[in-house]
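Presented sequentially are two complexes of chain A, the first with chain B as partner and the second with chain C.
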Partner chain A sequence: MTSTNSNSLSGRSWRSTALYAVLVLLVVFYLLPLWTGLVTSIKADVLATAPFLPPAPAGFTSVHWTRAINALTGGLVNSLILAIPATILSALLGSMAAYGLTTLNWRHQVPILMLFIAGIFIPYQAVLIPLSKFWASIVPVNDLVGYVGLAGWVGDLIGLILSHVAYGIPICTLLFRTYYKDFNEEMIEAARIDGATTHTIYRRIILPLSVPMFAVTLIYQFTQVWNDLLFALVLVGPGAGAPVTVPLSQLGASLSEVGFGIRMAGAFVAALPTIIVYVLFGDQFAEGVST
Partner chain B sequence: MARLELDDITKHFDDDGETIVAVDDASIDINDGEFLVLVGPSGCGKSTTLRMIAGLETITDGELRIGGRRVNEAKPRDRDIAMVFQSYALYPHMTVRENMSFGLEESTDLSEGDITDRVESATDTMGISDLLDRKPSELSGGQQQRVALGRAIVREPEVFLMDEPLSNLDAKLRAQMRTELQRLQEDLDTTTVYVTHDQTEAMTMGDRIAILNDGILQQVATPLEAYHAPANQFVAGFIGEPSMNFFDVDLEGDSVVGDHLDYPVSDDVRTKLDTDALVLGIRPQDIELVDAVESGHDIAVTVDVVEPMGDENNVYLTFSDAPTNETFIANVDGRTLVEEGDDIVAHIPEEAVHFFDRRSGEALRNREFDGDADVDLSL
Partner chain C sequence: MRGKLAAYLGRLVRRNRVRADGGEVNATRDSGIVSDEFTSSLPYWLPPFVVMGLAVYGAILWNFFLSLTDSSGFGAPNYADLDFEMYAKAFADPVFIGALRNTFALLVAFSVLCLVVGLVVAVLIDQGIRYENTFRTIYLLPMALSFVVTAQFWLWMYNQQNGLVNIILGVVGLGPYEWIGNPTLVLGAVVFALIWQFSGYAMVVYLAGLRAIPTEQFEAARVDGATTLRMYWRVIIPQLKGATISASVVLMVFALKAFDFLYSLTGSYYPPKGSDILATMMVRQAFVANNRAYAAAIGIMLFALALVVVAPYLLYQYRAGEL
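For the complex of A and B:
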């Protein structure tokens, strides 16, 4: 009896030891690039120690961070001006479209829904040229803003915002639709009998119940827009209106050397807002994903 | 409060180009303050009928009038109705108070103070005043049910529509809510249409019941009429628990003859039978168990199964000459001592026998019953 017990006990502890070992390895695996990036960004000479070791006290410098922050501040502001409205608009419009396509009943819903779904699968690369032509000649938005006394790059940024909204709506609609399909139909009918119009049902019933799904779409869409380089480069390009990904891609590039330190510092600076968004909406995100 | 009239109401659904008739030519006049129960098996069209009254389904044909006004085209909000749903359909993000004031805010111009007063008096009526600031998720099923009812009565509508509102409650609470709902409806005196598949609810709650099958209205009658004078075999079988026993019989001379049955009928009854192919119906409660065959109305039977219920027993019987085949049920006093395998005699009193046309199902002769007299049919 005793021996069996201690055997099974040691068997269990061996198994949990193995489990923890694997978990620690996974943690190391995921954290190593971040850690290496961090230590590299504070080394005066990147080759002084092995990549993953911190610098000796004498080799510590904060110059990469100061330079990265200086180089990226403008881009960060532009990215915020871009990502915040683009995210909110696509989530809101997606939610409205999903309400119209899911909760309300009318003819020809399915073909319209198919169009939305098809929109998810359009690759960005395929529309780059038509899209830039569209904003350049059909709706020359950077000329138009000139009439109200704004600089051309503001117009470019507006075009970029609208493009991201348009490309974000399909996936947002799909996410909200999945969520709304599980709503109790009788609850909507009860609201209709209670006298609510289509508009008030959305405002007073659907919208307040969508908070968890808004957290999901806001995080997802914010990350998408924030990290996008392709549209930013083609529609705005380097200059006064460039989102942070554009100057980030040029950071530390020179003919004489590869500026690993400043690149690492820059990557951290540029990623910071997305991390903040995750922290802010994390709880609702978990709730929205699990429903 | 108002009179509610269904005039040849018909509903067609379109299913891949095929037309499905959900409700066919249903006409019911529901009086002001009346409690009408729509009952029938699932898929019979009762919920569709209710949803047409509510305005949640369009009416294919016919006319619907509330208080004499045609409302076929009116939106649900313009019909002055309130509905209680099976799932309660409460707004999960709102407190009880908000749930109940929502309808008043959306459909009336009442001031905030008036709304508060109305909501509080409705919660008093429903006995849920202490729950006003709770969310639906913090309430028990019974409490949610009360909130759902309260949300309907606070509107003070012309007509209440209820779609199986008690079916999600446990048996004990359901019986309690049934009584309470009846009392409430009597106090408010609001015209009510109540949908259920449960014939007990129909019998106990309704002023009148409307029985539907396959989208066709079978009978609209008081519960006692439907029970004792069913219009056809479907109603006879649907109303009453356990169900009426049916035997296929043919009229031969002065008796009806079935596979195991040779049952003499009096001239009085025979004159009502205008066809030979018949179904004989007898309620389990009307069958008496006796010791010996004394007349043609007594049949030798064998006890198959006994279901003791305390106050009564359901005794499953087979004909002695064909022990394994057909069983039928007798419902007798719980103190009657019979056991499986006993050979006994079932007495089928002629005054309690129903006859139906086997082809059309139409009732040709119902049991002797005087709707106005005291009903003591224990015999």
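For the complex of A and C:
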């Protein structure tokens, strides 16, 4: 499906030049908002030059970056405390569920699986009030952590972690399900005949073979949890426990035009972990979203 | 239908009989082993199922009952007095109607345009180009970013004084427009920004679809003398039905989640005038106005909206043996 009209060499090279020109234009389109953000974040006066031009040497400043880093460091730490355990737990639970519903065969497992998968698509607005009531009155983590001498916001953060785990299970289950579906049944059957229990099969065969899918799931889920604002806002809110998206959404809001320097710097500071993960593991991310 | 039911009951009876006489293991995959593996599979899927089931379906059920109460303010809801008053209230509320209209406009415009852009980009990438991986990685990058981050970038892009969008339009003599501040323009501006962020996703899905089509079909169409455009229109695009369906479902769900983006544009529960959608209205009613029952009703209607889109999709996937 490669070469198009091959009637003449010049026709073909014209076509391929046009193709690459369009592809490069698309690169510009997708990167331009990031580029203008980057150059704006280092300008002393954001209105001094066109937004896509870097500042003149005299107009360069790092003050937006230092301010943004100061304003967001606490949030970055909270986001790491949140995203790492939430990601690992939901991936592990997703893998277990997928194993029990795919590799092990039993009747009527498909309706159960459907319930898992439908859970991917629910709008969080439909569960938001019960969720906040649950952590406020049924299991008041905010108070409970007080008994072991921790501040209330630690409890809020624990509630947020567990919420992300619970709502992350469906997508993680689906990701592992599509992976386990293609596993060789004979291999598992052979292990069973050799007397391996379901537990041994999971520990010794399925888990070691799941490493590539764990990479995909962890990367996808880490990005999702890191990027979330709604749950963070409702379950933790602004304050000591706030993940980075919460202070970022407020950054520079009161400063109108002049606030754009710190806004842009802040956007990069908050996005840096996800950008690093994306640059290092872009293929796994693509696999995660396309499943 | 009755035949199916009879077969189902027959299976049920047979299975119970096998269990009753001590789980006699049959050699076929259909009976013995199947019921055997049910018990041993429980420790794996049941704990995640309980957690997820309570969080998703338990919460939706609770939310539904809450929406039937009249709960507002700080008092506890009275679950003894249930009615559909909040739903009636919603359809008499011009704010709700406006948000509903915006939600549909956003949903349709965003997903259709995203699919078109994604398809075109996927076809371009599929021409056997060099550095394919690099191009693909760049086009998908915005999707890895948070709505909160992209909202900051686009606020600056749409800025009236020094925003790039107005500078580019100024070259052809248009503007400058106040994109975010103008109620008639803001929704279009938001849709454009979201297309920038998620068309890469549609591209990845379509690319996988294109790669699944056998090369012979491209060649056969060419031997028949079809032009490139005709080949894609007649032969290739009809085969991308599955990719289109799954991509549009996921995109619609993303659009329903646009709360994060709209919140970040203003840094408050009040999105720019003219861009209020059900997702933002629900959160505002719940956590600013404290109209819990009303907010719960809006949440349930959002859920119903998602269900209308997702249920046929899951059924389609199930029938196609994709699940």
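Assume the second predicted complex is superposed on the first by the 265 of 291 C-alpha atoms of A that agree within 3 Å, B and C clash if a C-alpha of one lies under 4 Å from a C-alpha of the other, contacts with A are read in each partner's own complex, and residues count from 1 in each chain.
The criterion applied here is as follows: a contact is a pair of C-beta atoms (placed from the backbone, for glycine too) under 8 Å apart; a residue touches a chain by one contact, two chains touch by 3 or more.
From a predicted model like this one, the values you see are computed outputs, not experimental measurements.
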item	value
Partner chain(s) touched by A:Val289 [first = chain B, second = chain C, both, neither]	second
Touched partner set for A:Gly146, first chain B, second chain C, both or neither	neither
Which partner, chain B or chain C, touches more chain A residues	C
Touched partner set for A:Gly74, first chain B, second chain C, both or neither	neither
Which superposed partner A:Leu115 touches (first chain B, second chain C, both, neither)	second
Which superposed partner A:Ala196 touches (first chain B, second chain C, both, neither)	first
Chain B versus chain C as contact partner of A:Leu31, first or second or both or neither	second
Touched partner set for A:Ile129, first chain B, second chain C, both or neither	second
First (chain B), second (chain C), both or neither touched by A:Leu93	second
Contacts on chain A seen with chain B and repeated with chain C across the two complexes	197
Partner chain C, residues of chain A touching it in the complex	1-5, 19-20, 22-23, 26-27, 29-34, 36-37, 40, 46-47, 50-52, 93-94, 96-97, 99-101, 104-107, 109-110, 112-134, 163, 165-167, 169-170, 173, 177, 197-198, 202, 223, 226-230, 233-234, 245, 248-251, 253, 257, 260, 263-264, 266-267, 270-271, 274-275, 277-278, 282-283, 285-286, 289-290
Chain A residues touching chain B - in the complex, by the definition given at the top	184, 186-187, 189-197, 200, 204-205, 208-209
Chain A-touching residues of chain B, taken from the complex the two chains share	54-56, 75-77, 81-83, 85-87, 89-93, 102-103, 106-108, 151, 155
Parts of chain C lying in touch with chain A, wherever the complex brings them together	11, 15, 29, 33-35, 37-38, 40-49, 51-60, 62-63, 66, 121, 124-129, 133, 135-157, 159, 161-164, 167, 196, 200-201, 204-205, 208, 210, 215, 218, 228, 249, 253, 256-257, 259-260, 263-264, 266-268, 278-279, 282-283, 286-287, 292, 295-296, 298-300, 302-303, 305-306, 309-311, 314, 318, 323
